[in-house]
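Two complexes, one shared chain (chain A), two partners (chain B, chain C).
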Partner chain A sequence: MIILRKLWNNLHLFMALPAILLFGLFFIYPLAQGIGISLTDSNGMSAPRFIGLQNFVDFFHDARAKKDVYNTVFFAIGSAPLLNLFGFLYALILDRPFKGKGFVRAVVYLPAVISPLIMGYVWYFILQPDRGFLYHLLENLHLGTGGSDWLGNAHSALIVLVFINVWQFVGMTMIIYLAGLQSIPKELYEACEIDGAGYMKSLWYITIPMVVQSIKINVVTNIIGSLSVFEVIMALTDGGPGYSTESLSIYILRMLYGSFTGYSTAVAMVLFAMIIIPVFIFMRYINKKEFEM
Partner chain B sequence: MKNTRTFGKYALVAGMSLLSLIPFYILLYLALNKPSRTLFNGLSLLPDFNFSNFLEAWATSKMGLATVNSLIITIGGAILIILAASSAGYAIARYSNKFHQSVFNLLLICMMIPAIIITVPLYTLMKSIGGINTHWAMILLMASNGIPFSVFLYAGFIKVLPREIEESAIIDGCTPFTSFWRVTFHFLRPVTAAVVILQGLAIWNNYGQAVFFLQGQDMRTIPLAVSMFFQQYGAQWNLMAAAAVIGLAPAVVAFLIFQKYFVKGITAGAVKG
Partner chain C sequence: MRRKKLGLLLSGVMMLGLLAGCGGKNADSPNPSSSAGMAQETGPKETVKLKFFTGKVETVDLMNTLIQKFNSENPGIEVEQEYQKDASNVIKVKFASGDIPDITTVVEQDYIDQGKYLDLSNEPFWPRVLPAVKELSTDVKSGKQYQVATNVTMAGIFYNKKIFQELGLKEALTWNDFKANLQAVKDKKPDVTPLFIAGRESWTLGHLIEFLAHGIIKQDLGVKSSREAFINNESDKLKFDQENGPIDTFAKRLLELQEAGLMNKDALTATYDNQKEAFATGKAAMISQGMWVVADLLKISPDFQIDIGFSPYPSIQDGTKPVVLSADDSRYAITAESKHPEEAKKFLEFLLQPENLKTYSEFLKSPPAFTDVTADWGPLKDQANQALSSGVNIAFTDSPSGFSGDDAGRMVQELLAGQYSTSLDFAKAYKDAWDKAWKATHR
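Moving on, here comes the complex of A and B:
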């Protein structure tokens, strides 16, 4: 009885337990197993054999994988800076008081409500060669439709994909920056004004340092999101033409469907490393910067 | 001078809004056109206002069933996330010890791991617990995906919440556990709204895991049902769009209900801490 009483009074020490158990079972445990599987030639049929780092050696000789790494990195390097730039500009514009501010914020966020898969289908309809929405619009306005096969070659298709991603998730980045802007005490700006600093100066010396927490969240989530992209690409180009716009995540899925389980999991581990390394470098850099300020 | 500036500002804001509404226009345009008019021809930007696509999409792809499946999984997953993540956030923020600190750090690192990389072992796990094609296993999985970021938000918010709000309840005879559910939990509404929007949408739109673990026809969620129009029936644009609009409507409505608290929740939970 006394033990029960004691337990009841100290129940708060166990309040993290449900979350830990859930996450442990559905994430940590499979992750640990995944590391094991990536060291085997598992193919879903014969018994898996331990082959050490062979999958990783194969990865570095896999031309298709190299192309996928290039595409994935291209997509991320295009997306993350643009998302932050436009998200920040949008937040600056929508932070000022005007009528209908809340409405516009909600509308700007709305594209993020649509699943990237459906978004990919919508843009496919707009951009289809010879019969898409944009093609007909250009034709009817007599603006010329030359070179309208935007999805037909790898480079323009990748640029289109970056554009769609930035345009869809700019609202999400904006919300995080808006939250940061709203936590800046107004007195700071007043002090700055008394000192005679202009808008640009106060932006550089007050606004940007004060939203550093938002910058952290946005950059990290954008790195993660863009390096693991797959739905929008599947819907828009399906990785094509050929494998020319395939991302690493799509490759992982396709290897899975092809029963190359061991190899697929090894590629997944490479993707994990590709995400965690830039995130750590960025966090170290920004924490040092923050310390200096 | 002042008038042109105001005008310029409103023009800019109107432009931003219109740009964001393009996909909604395209989806409605397609969904309301007759099947003969999938393409944009002529300069008429108005659709045919043909509502039969909705009925046909509803009938052919079992959209009703897909909506029910999506609702069960999303609501179940979101409730589980709110309960588990808020209480974990409370324990981490208020009763800091080595264990809680390392749990928090582990969750932060795991936030960086995309769910796709554990698909294979997860499939084995789901099979061995009999979770393939079931609502309950999908709910648990979706909740687990949402745990790290939600704990991060809740812990950040509770850290800046004054301790006094629980202390008075504890003096009145509550334990720290009961005072959380009776008092503190009600102060967390802004974060809960942010969690509902972010995680609810992530679950509602989940495709990458649903495609593996909900393969049965009767278990399909909305993203799976919509993608069927692309794969099985060869790009039926009007029906695809109608199905997408049906699937989008609940998400948009939920977003509009909760968005009032959204910025506040993010401000308090993530940015200040």
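Moving on, here comes the complex of A and C:
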């Protein structure tokens, strides 16, 4: 009888079991297996041999990997803050009542519906030097087309990639901020107004602290999304010219295909750490902040 | 407390995974007993599903037509085609995960070494195959044939005859003549790109290394020894990193063209489609391509046929000869782990029937490798024969599976983007990348 009651009282724990099993099967198990493979010299064909941390040592001596880390971090550092800044500004503007608000919101959000792969190809046709849409536009407007080789140059190609990413996903960030803004009680602003605070003050003391949850979600999803960037680069530059715009995700795929299964898994682990560590630090920091409020 | 329990459970799952990860792969080793059992269980009445895995985008529609014909002629067997863009890499995932195709166009030396393909040496069709193609289909290590090629393909310099006639140019067999031709186009026809490079697609640049740089090695050593040198990575024969060696010379030549402005400005971002269009519409005088391009050129501009010229690649080093790719094309292999090898052989025999080979060759505009097939394969027949006699015939390179033509092409992109300070640096980097990939599968 006691056992039954205990079981009944802890029934909710058992209800979590299917979720835990699925999570274990599709996340924890592959992750653990990945850690196992990353410690071997597996080439995907012959039997793997255990080589300890050699793959990780190699990673830090691999010039191409370092360049890819730079590209990935550049992309993330460029994208995440811009996405948040513009997403928040869009949300502030589109939260105010005006005619055609719904339409404008939809337009801003629209690119996010399209796959980044398609987006990359569309932009490729716009930006292609000598024959793209933009080239012909500049030519016809007599604005000069001299520096139109945006994709053939490593640095400008990276900037173009950040721009496309921000343009595409700013709507997604905006929607989350909008939801946050709409959950703020009007009374707070009224009280603020009575106290004589201007728009900037109410923004700083009410709006931003109240949308902290949205900031959290946005920053975390943007960091994860930007650090694991893959499709848009594949479509727009194919990681090129050479390897100059290759991201870590693309490197992982190419190494996996190139008979370096063990090494590519090790790089995947490094990328995993690169994503999880900043997210973790940020969550800790923002939780403390919330507590102080 | 509850969190602890949960954590314990999750870490338990994790440990299990770790064990499995270190335990290696069981899917790797074929299990002959189980596959034999499967074959017995499958009675004659059950439909056998054959998976045909291809990396040849240009033949997808044609193969579907042939497959339909085969399926209707052979009740009880159903062939399904699967195409993947990066087929030579995707098949690795298929082998590893056990999703193994029965018959495929993807044949790589590494997989031959791993015993992934069925030995076809004793099949009845071999006497019908051109001896040169049979030699290229023979594994240099075991002397057996694990693949059969139905066609011969060629690659070289395609040029616009009309422009050549207008400017009074002749096919170039030496580097200086080749450069002079390009310069003449540049000087006299400023609107025309002398040599159009489709550098965004790394395979086209990989081909340049395979034909121009490796061309020197291939003509020095001959078909058999050069294949052995590539497959066994005999670095004293390949001389990849040697000053004025094949790779160094190639890099110098390519940079020469770039510096002189003899290639398109957007050589790094132009696609294969851009290249075909520019050439077929007379906006480019020369391109480096293979016979596979002809059908598409004629699609863009049907009247262009009379203007297409074809010549060997010029020699890039003094004392060497011009080369033309003449290699086995459209290869087929049956996988060793196929559960239906008999049915797969039946499908292969069907593909090798003279009438089907004729259809195939005429569609692909590529000469058949079977002596009993007479196909009207294309407008370049005579020119191709001439090129074959004026240039040394070379084959594709057997590169390590971790260093594909795409990978080599990306290095050429880097070269064109100015990321190597000297051509010798490029040659050394090339050798490093090749060696690293070779070692990954030979240990």
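Everything that follows uses one rule, which is that the second predicted complex is superposed on the first by the 275 of 293 C-alpha atoms of A that agree within 3 Å, B and C clash if a C-alpha of one lies under 4 Å from a C-alpha of the other, contacts with A are read in each partner's own complex, and residues count from 1 in each chain.
Note that a residue touches a chain if its C-beta (ideal position, glycine included) is under 8 Å from a C-beta of that chain, and two chains touch if they have at least 3 such contacts.
Predicted, not measured: the structure shown is a model, and the values here were computed from it.
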Chain B versus chain C as contact partner of A:108, first or second or both or neither: first
Touching partner for A:55 - first (chain B), second (chain C), both, neither: neither
Chain B versus chain C as contact partner of A:71, first or second or both or neither: neither
Partner chain in contact with A:226 - chain B first, chain C second, else both or neither: neither
Which partner, chain B or chain C, touches more chain A residues: B
Contacts of A:29 with chain B and chain C, given as first, second, both or neither: both
First, second, both or neither for A:37, with chain B first and chain C second: both
Touching partner for A:131 - first (chain B), second (chain C), both, neither: both
Touched partner set for A:218, first chain B, second chain C, both or neither: neither
Partner chain(s) touched by A:240 [first = chain B, second = chain C, both, neither]: second
Those residues of chain A which chain B touches in one complex and chain C touches in the other: 13, 16, 20, 23, 25, 28-31, 33-34, 37, 131
Chain A to chain B touching residues, read off their complex: 8-9, 11-16, 18-20, 22-23, 25-31, 33-34, 37, 42, 90, 93-94, 96, 98, 100, 102, 104-119, 121-123, 125-126, 131-133, 136-137, 140, 167, 171, 175-176, 178-180, 182-183, 211, 213-214, 217, 220, 224, 227-228, 230-231, 235, 249, 252-253, 256, 261, 264-265, 268-269, 271-272, 275-276, 279
Chain A contact footprint on chain B (complex, rising order): 9-10, 12-13, 16-17, 19-21, 23-24, 26-27, 30, 39-43, 80, 83-85, 87-88, 90-92, 94-95, 100, 103, 106-107, 109-114, 116-122, 124-125, 140-141, 143-145, 147-148, 151, 175-177, 180, 201, 204-205, 207-208, 223, 226-227, 230, 237, 240, 244, 247-248, 251-252, 255-256, 259-260, 262-263, 266-267, 270-273
Chain A - residues contacting chain C, complex: 13, 16, 20, 23-25, 28-37, 39-41, 43-48, 50, 128-131, 149, 151-154, 238-244, 254, 257-260
Of all residues in chain C, those that touch chain A in their complex: 2, 5-6, 9-10, 13-25, 28, 86, 89-90, 92-93, 95-96, 110-111, 114, 199-200, 202, 264-266, 268-270, 274, 400-404, 407, 410-411, 413-417, 419, 437, 440-441, 443
